[in-house]
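All chains are identified by letter, namely A, B, C, D, E and F, in their written order; residue positions are counted from 1 within each chain.
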């Protein structure tokens, strides 16, 4: 086994209705300190987590969506969103937050973190992982 | 009009506690009476004083306690559900040999009959759950 | 007995809304709350669950839950009325009972 | 309002995976003491609650299914099972427990408690209720 | 990396098994546990989710969960293998990782 | 082989605690090592000594405690999840101004890093949840 394991955070649930989305993100932030390979996968209702302009003021609870935009600072560059899940829900990439990371090898250029994948591409992503944490 | 509310899920874990809180506040603002909130299933976890939610989030347990005090709402935690989940008041601690209790201010532990009674005596029973 | 039904699940995850609508009586009202609001997006492929039932049942949606999820009124199926919590309470009063589909 | 309210227990969840089925039954047993009109409705995965021959020995948890057969003693006579839910799941009435109540007005004859209803009939049952407790 | 997938939801309530099967790679294995066992009834109208995938994926089912729910082996779709908890552990060892579909 | 387990749901409420217990027992019987069980989300409710389940049902909390003691399993309750849900040990009680604690025998409260570490150090991480 190599020293670095591939960790995958598998998100299938909508935010706010249940706490899984938020507590999953808390694991990701802690996990980032461990220098493992890290992928986030959003599939089914999990894609709703990344919808932009979330505003919980009227609900009276914490809005945790801004935390997603901090993922780049934690060196998390692989955020896979399943295309079929997005399409079924009538959403496009434009409905999601624009998440980026800065590439130090390319003069700190901002690069997209969200990678739109088809079901077939997702198969390959999942196959490669060593540890899958499901939420 | 006289409302009662049933809450089936724990705070933070599920939105139902927040939905119920917001519904109760709006009902009171509209001049209605909220007779009882009955906490069942994991809803009993709304009634522990041991929670320490993040500073930047709502404190659900305290909000219940304050709302109940200001508006004379009966907050009832189901005893059978509480025993399975570890919510204990003084009486329960004594009966079940526990060395302490964790019930929050303004909540009381009682039987399922209180839910049926709420259904009979209220004009509307509204259930929030998963 | 007129009925207000509450639905708090996404149609993309569960069959809750479909069951609710299939046993709701003509003239009944449905309010989408919590994750139930996702079912109301007009471009989604489950939009038919609501639009097909719209003639028999009135649909409402809780604005606070819509905003929390980054959605807005322009994305909704036509004819769904956005209400706040006081509107939710009014609907509970106006109907004879509230049935929650959990 | 009449003195007696029509209470309906609406069951949509499978047993054992979650506790709702069992804790719903606990409410029904307590509610029976209150002399209200009582109906139980089983729809969607709720129909699984009544499947016969449940045996939790290997799982190591309490088997609460025998309690359903006590419902007749609590004077609970109206147990509505949605036909469409049963059929979709490949089940028939024969797969369910045979639940009965004794009719004191008919020389204590045993009568079936389970009433198979179509979606349309269920509409009428639900329309008549005063209080619906959902599980 | 061979994978054992666990599915604990009924196909009649959620899309969990469908998603799992749609992204499982050829040769992967799936074990149905908890409420997931209901998806294996051969006379149910969602039986196709399993039978259509049977060529590519191996299906197992936890006997303890099957019995708890009053079901038996004769009701299952042909080709699903019943295992006990030690069989579940063996499948976890045999495959390189376990992915839970929650 | 070295296993670690993640449990996401509370005892009785959801079968995942029982599934995890049965899996852990079978793994140990087969000669494997169970390094750590990490309790996250409502899973933290497995770690309260205040539960009094019905006499004729399994005592899930005690079963964890006994299993851990007999097999040297590290039972870790996530601190962030525990704070939201009211699971408290002595240290947490002091830090958060609580007048007591409810942690069960054999459980300890620690950070999410323990879950990542379990993923790194174990051959298999198996998640049980809702």
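Here is the rule we use: contacts are C-beta pairs under 8 Å (C-beta built on N, C-alpha and C of every residue); 3 or more make two chains touch, one makes a residue touch a chain.
Just so it is clear, the structure is predicted and the values come from calculations on it, not from any experiment.
Chemist: Identify the chains adjacent to both chain B and chain D in the sense defined at the top.
Modeler: Under the touch definition, chain B and chain D have C, F as mutual neighbours.
Chemist: Determine the set of chains touching chain A that also touch chain B.
Modeler: The shared contacts of chain A and chain B, listed by label, come to C, F.
Chemist: When chain B touches chain F, do the two copies use mostly the same residue numbers, with over half shared, or different ones?
Modeler: Same, since most residue numbers here occur in both copies.
Chemist: Using the stated contact rule, I'd like to know whether E-F or D-F comes out ahead in C-beta pair count.
Modeler: Counting C-beta pairs in contact for E-F and D-F gives the edge to E-F.
Chemist: Using mean Cα positions as chain centres, tell me which chain lies farthest from chain E.
Modeler: B
Chemist: Taking the mean of the C-alpha atoms as each chain's centre, how many Å separate chain D from chain E?
Modeler: 29
Chemist: Taking the mean of the CA coordinates per chain, how far is chain C from chain F in Å?
Modeler: 38
Chemist: Out of chain C, which residues touch more than one other chain, so two or more?
Modeler: Each of 8, 12-13, 15, 34-35, 64-65, 84, 97-98, 100, 102 in chain C touches at least two other chains.
Chemist: For chain D, which residues are shared contacts with two or more other chains?
Modeler: Within chain D, the residues that touch at least two other chains are 16-20, 44, 59, 61, 131-132, 134-135.
Chemist: Could you tell me which residues belong to chain B and also touch two or more other chains?
Modeler: 8, 12-13, 15, 22, 41, 54, 84, 125, 127, 129-130
Chemist: Any two chains that touch count here, so list every such pair.
Modeler: Pairs of chains that touch one another: A-B, A-C, A-E, A-F, B-C, B-D, B-F, C-D, C-E, D-E, D-F, E-F.
Chemist: Taking the complex as given, what residues does chain D use to touch chain E?
Modeler: 13-18, 44-45, 48, 51-59, 61, 63, 65, 87-91, 95
Chemist: Quick one: in the complex, what on chain D touches chain F?
Modeler: 16-19, 59-62
Chemist: For the complex, give me every residue of chain E touching chain A.
Modeler: Touch residues, chain E against chain A: 1, 3, 15-16, 19, 22-25, 96-102.
Chemist: Considering only the defined contacts, which chain C positions touch chain E in the complex?
Modeler: By the definition above, chain C touches chain E via 12-15.
Chemist: Touching chain C in the complex: which residues of chain D?
Modeler: Contacts found on chain D: 10, 12, 20, 43-44, 119, 122-123, 126-132, 134-135.
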